[in-house]
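One chain, chain A, links the two complexes that follow: it is found with chain B in the first and with chain C in the second.
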Partner chain A sequence: MNNNQKKRNFQIEAFKHKVVVDSKYADKTWKILEHAIHEIYNHNASGLSFEELYRNAYNMVLHKFGEKLYSRLVSTMTFHLKETSKVIEAAQGGLFLEELNRKWADHNKAVQMIRDILMYMDRTFIPSTHKTPVHELGLNLWRDNIIRSSTIQTRLLNTLLELILRERTGEVINRGLMRNIIKMLMDLGPSVYQEDFEKPFLEVSANFYRVESQKFIEGCDCGDYLKKAERRLNEEIERVSHYLDAKSEAKITNVVEQEMIANHMLRLVHMENSGMVNMLFDDKYEDLGRMYSLFRRVSNGLSTVRDVMTSHIRETGKQLVTDPEKLKDPVEFVQCLLDEKDKYDKNISLAFSNDKTFQNALNSSFEFFINLNPRSPEFISLFVDDKLRKGLKGVSEEDIEIVLDKVMMLFRYLQEKDIFEKYYKQHLAKRLLLGKTVSDDAERSLIVKLKTECGYQFTSKLEGMFTDMKTSQDTMQGFYATHGAELGDGPTLVVQVLTTGSWPTQPSVTCNLPSEMSVLCEKFRSYYLGTHTGRRLSWQTNMGTADLKATFGKGQKHELNVSTYQICVLMLFNNADCLSYKEIEQATEIPSTDLKRCLQSLACVKGKNVLRKEPMSKDIAEDDSFLVNDKFTSKFYKVKIGTVVAQKESEPEKQETRQRVEEDRKPQIEAAIVRIMKSRKVLDHNNIIAEVTKQLQSRFLANPIEIKKRIESLIEREFLERDNSDRRLYRYLA
Partner chain B sequence: MGIQNDRVRFNVGGKIFETTATTLAVAGRNSFFGAMFDENWNFQTENSHEFFIDRNPNCFSILIDLLRTGELFIPSNIPEKLLYREAQFYGLLDHVRAAKWGPFDGNQVRFSQAVMGQAPGDGTAIRAGPDGGCCVAHGSIVHVYDWMLQELPPINLDYQRVNDIGWIDAETVVAATSERLGRGRGGAALFGAATGELTHRFQVTHEDQVKSYTAGALSFSTDYKIFSSCKGRSNEYGIGVWDQITGQQIDFYYEPIGWSLGDADRLQWLDNTNCLLVATLFPRKDNCYISLLDFREKEHGLVMVRYRGSNHRREAGPRRDRYGREQFHLSRLMKGKMPDEPCYPKLALYDGQLFSSMNDSISVFSGPDWVLTSRLRRSYGGSICDFSIGGDRLFALHSEENVFDIWEAPPPPVT
Partner chain C sequence: MRKEDTVKLISAEGYEFIIDKKAAMVSQTIRNMLTSPGSFAETQHGEVTFPEISTVILEKICQYFLLVSPIRQYVLSRIWINPKAF
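Moving on, here comes the complex of A and B:
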């Protein structure tokens, strides 16, 4: 609409001329567009006609003035931005950011409107000439003329960092404004955000936290320090979510982690009076949990925590298992172990989020110190014995299960499981024979647990013991059904028939039973052998019990519960008033150690002294003599006369058990060697040791020297031979 | 704008139109209407009841109809080019493009138009571009057309013979050319489709020396690799591999003795097996080879399979399908029909349909049993020497007259 406004100069035109668009046309059109751009920047666009401006821009591109349009756009926008930059610079103090934010919003709107007008250029001319599109151009010019202008760049950065510092020191700042400014930097491209803000921000933050952490670590205890570090970390995460780029979260938390945690890790865990050991000691789950969640953020953090825990457990565990005070009471000893285990289990679940690596560390630590004490297997068995004898009375089945499960856990740590088995068998035998088991279900349940842990072989003999008990009951019923009538009022006999091999082997010492009893025993023997051919019975008099009725001097009657040995002794006094030790020994043929113990419990225990000893003393001597204690009184009708039994094994007994175990291990080691060699045919020494150890692991830790001895023995017996050329190799001889 | 004000009145070149802001909103923010009714400019609606637009009213009515219905109906008295120009003004070209033709289906395509060229001699190859344009190689020059079939500046690489062409994307064409004996250069290069400008030359480096070579057939993989058969002077015979994005040579598969990879007439990347099919034939020796380069192992593209056959087939295999089955159809079609100087049949597979050119027609086979379902034929132009499918269009290049046909499916029917 502009080019037909030319002055009407009369002019003769050449007949043929190239049609050239009036060169002033472009300038005129641009003037209109330039004016519009000025108006837009001056918030005065209401008088503009979009259609006209769009058409003009379209025409310029159509008439090949795209280049001109574009370059003039660049210079006009640059001009306006330079003006803007002066206004922003002039803003005082706190108004600076607000002015910048306002101008940024204005600029965005202006660029949008300019782009609307120049849409045709943006769509056709710019792609074909590989120029920067209008929107991006607007961002670039803003970046170069405002954000990176020498006067604004550092001021902006300092203002932002200052505000963040103020927020860190507890002031409230205008987060909305911060968000807008940071968003602007992000809109200008990741490099602007990173170079002009993020990098310096991270450096300043690192310094800040370096200084602060130094201050904290000198002034706070470990728990407080961790609380502060956690709070700082959360603050930074919150800051990112409020007004920083989400990608900065990992970077800034990394800075906090590095400065506040990684750099002070060792000092924190070992802090005197408040470090990790104290936390463990005092069960400070919350602090420990905080430590875990903070330390897991830094490399080697968790391993540091874990190492401290491990060495602490090992240290305390070692003290516990070697404490002579604790060794006095096996039940107490095992209870301490269980308590210790509970404590750390709780710790790991409450503070260390059930971390597998911590559980493993705990297990290996327990395994380490439990096996430091060679009596651990015995004590654990004694603990079970105690629980199954009486400790579990009145306890619900579930609680029994819990205790047994805990015991099994300790059992798992044992390296010498075969020793446990030995003791367990002995203790179980006593419980069964003396009828001391509280709950058959609990007994069986534990056996099932052992079976799942160690396999069928481990428990087959234990199960055999239970079977014997059951069969004995049936046998006794059968015996009394056939012979009951003819026995009349005589003593009642209860026999338990024990399969040889299933039960702990006892040196079979027979003693002379009172005649009333031996008759009965003979009857039973003939009954039993009559129903079971091909068997042999031998009496284990050392393990039986008896109930007898006694009448004392003033006519008071009591029922006495005594052992077989004791009844043998007591029955002698039916026919004599006073007997010397020698006479008793001769009559009963009870082994002297047992006899002494038996007499001691009959004559020397206060309140149960049914016999009187001459002379009175604590110990039994060979020339003592014994009388019935006519003055015996007891407020109970039934009196249980215990045998003085050592609960714990005495030193020689222990040695003996140990020796028996060693003896039992030999065939097992040999069997393992033969099994391995049978499948491998040829193997060198080190590998045999390794494989044998591995195979036997579930039962005990095989001693390499012992394995070597077994190999030599097998070579002697021509199961194996040494290789002729390589002496380290063994060969299996079929 | 309230409901009352939803109505909009235009005066376009003197003709009054009324429509609604809702209809105009279909144009999108990135258009004349989108900008005009943006809140930045919105204040004007209150003041005046009529908007003047100094444009062609006839085209405006077509475009406003397009915005209303999504369908494009061009009366015969309006040249398409005029409409395109107006659409470009309003920023509605994409809408026009989307409404002009429907999704490709070999059994629905109709002949749309034929484009005459002025290049002498036989066309070498035609390739459909991703947005409906195409490029045609004639001797030593490549003509490029956009989807409106406006011819763009032609492409040449020192006017050397073009052996194969292809599209990297809607903006970029790659051309494989012969080396000029004694003068060097040739090879493969990238060009801007819109400008015809050379943007990158693919180089073959042998023992750290840049070599001149003749680029033969081209193929592209989905992981942005370009393959080309290469013939050099001494050692550089084989298959060159370049990165589409960086343009750098990634690898070079030197041909083993007795194998003719560098002479290959056709390369075909097989997507799901990560193999490159290489077909070579020697017209005078009456035999041909098909080799398979296996890229599944990272080791140097193992030559896995090698077929050897008589020289009756030129095509190495259709896009994205197994080889054997296609050949079966081909031999059935060719029985006794081969003219003396044949245009070799070409194959293409598109969306489960097999296309096969033979003489002056293209057969379409569909379904699992590859039943012949359609035949595309135009009586003008002689035998079809090459065809290509892309951008929902089929382009067929004829050998006798310098003309190519465009086939496209009509937009979905009015419901």
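Moving on, here comes the complex of A and C:
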């Protein structure tokens, strides 16, 4: 035993070996060890004394024979491995891998035993001479003699690849064996695994999938193909988890994605009768979802899907808004738009997992095609009008909110929001004055939503309209409180006083009211002007309604609900039995278009014909004459004679409205220009256009030519001036 | 102590020292001997022979094991070596 200690009182000398040191000694010792190694390899190790072998190895290293020991060890192990290699090569067919596996396990055990015996050499001799430690040496020798032996190398690779191929075609293979063999390759070093197995494996797989994808795509439709692709992908992932190196997963999935998906992406998406467009059409959520998750793995996959969806939406949308059939009924039209939006929302949430980029694509497409039709703002307003008149009758509060929210969503897509405002005002005025709204709360709720979206300015006039209605009620109460006694038996008057600025401007026309009514109206006028000085009242006779009781020839009594014009006409018949068109026109002074419409609804509508017309044609001619229809009957006591429902405008009306909107835009553009120039002082032409467009974006799309005209006008009025040196530069004049 | 927990260390003169296995495992060499795969004689019989280590030395070795090992049952504060024993 060697004992190196610090110098103390006594010195312990090195132990004197009772061994003869000569060259033969080394050989003798080695012989013992060699014999032991042989026995180990032949599974005969029991009975050997570890201590003896360890001691021998120790002695050899100690007496500087380590080099000999090491080199002899290498040659012995190599010899044994060569023997092993022959045995493995001799194995037939399926037993090849099993034999390899068994021998590998044996080898590992042997190497460990050898290492334990030669531990001293491993710890002292090897580090100082920078040789490979025993364990690693074992791996390297195995690699060089077995794995990289010319016969075994190719055979091993081919066997492995063949097994994988068999598994891919549906056979069951021995996965445990595969796992052990692959693990062996991994243990031998990452380069062995990659060079000897992984690279060829990826190549072969790529070929396999290339061929298979070609076969599938010829034979299957899109949905089936995607199912198959997904299945193969999952298979590969499972294979890796069972018996391959985890790092291979990314590589093999990449191969599958490349061959099965990326190479055929466009063909799949545009496949006839089963491609993406058809899937969208038929709401095939599962297939679309699968397409989404598969294409997401490939670069450009999702953008391809998104582009197809976008162009499809734009196509169908464009067809929708230019289809003359649909355009006949605005409510139908808007409902179709809402249905489309719902459909795609559902698609995106179910199939595309609420991907934000898809949502954005959807929004931009809708914005695109809704604005293709210049009448969209009008139609949307009509849709709302229809809902607020009758569509939402009896619907619960939450459902009302849902419908209104959907309308708001369409509103957001409009570029020309000011046109919508104009139409909405018109329709709202009619609804309020004729008392036609289904729910006051719904109306207010929509106003609040518009306010949140567009700001206070947008809705101030609309709110003014509501306020007027309320004030009028109070005014009427006051009127009857003071004058109630003297009016007594006369006709009852209900007046709505409208502030001119808030309500849509109407050309004010008056007509001749029957005497009973005009007296009452005058009384009201003096009452009102008594309480409010400095105001002017003018009667809007084209918008009023009246109830009157009528007794017909056979004594039937009915209560008729008619418009103001109609009551003027009817009251004339109190004093005359038969009147010609001209006489009526003269007496009432109602404008001719309105008069014609009024007479039509009184005489030509089945079930409501309180007047008789001669001749009995449908249209009103100048020389028609009218009589009271004594044979008028109706099931109901109260009869409503048709009042004009908000219709989509005729051509001239449409032109007029648009013109008015254009006129309204001019001051808005000018205000924007002045605002911008005031803060910037100096700005060039292009920048002004850009800024103005941006500022007005929330209301309408500003036309650059119009902006230019406004700038010219402002220059004339000396708000701006052109710069002397640079014609494109504008300067603000204080 | 159970037989499975002990190991026999035999000196050159034939003296047998039976000590706790965990104590003996303090030595890497002995640990390798006892845990090596394969059926060496040592593992089979649970005894290790040291034909070149004398009894006295082996005794000191055993005491060292007990001093250093994680087993706290034996309390030895030091080992006394008599130089004349060699």
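Following the convention adopted for this analysis, the second predicted complex is superposed on the first by the 709 of 734 C-alpha atoms of A that agree within 3 Å, B and C clash if a C-alpha of one lies under 4 Å from a C-alpha of the other, contacts with A are read in each partner's own complex, and residues count from 1 in each chain.
The rule is simple: a residue touches a chain if its C-beta (ideal position, glycine included) is under 8 Å from a C-beta of that chain, and two chains touch if they have at least 3 such contacts.
Keep in mind that what you see is a predicted model, and the values were worked out from it rather than measured.
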* To do: Once the two structures are overlaid on chain A, check if chain B and chain C clash or fit side by side.
  => clash
* To do: Mind working out whether A:481 is in touch with chain B, chain C, both or neither, as first, second, both or neither?
  => neither
* Asked: Given the touch rule stated above, what does A:54 touch, chain B (first), chain C (second), both, or neither?
  -> both
* State whether A:128 touches chain B only (first), chain C only (second), both chains, or neither. => first
* To do: For A:116, select first, second, both or neither according to whether it touches chain B, chain C, the two together, or no partner.
  => both
* Should A:734 be classified as contacting the first partner (chain B), the second (chain C), both, or neither? -> neither
* To do: Could you give the residue numbers on chain A that contact chain B in one complex and chain C in the other?
  => 1, 45-46, 48-51, 54-55, 109, 112-113, 116, 119
* Asked: Which residues of chain A touch chain C in the complex?
  -> 1, 10, 12, 18, 40, 45-52, 54-55, 109-110, 112-113, 116, 119
* Asked: Can you list the residues on chain B that touch chain A in the complex?
  -> 30-32, 35-36, 38, 40-41, 43-44, 51-54, 88-89, 91, 194-195
* In their complex, what parts of chain A are in touch with chain B? -> 1, 45-46, 48-51, 54-55, 58, 109, 112-113, 116-117, 119-120, 123-124, 127-128
* Structure fact -> Interface with chain A, chain C side, in the complex: residues 28-29, 32-33, 36-44, 48-53, 57, 83
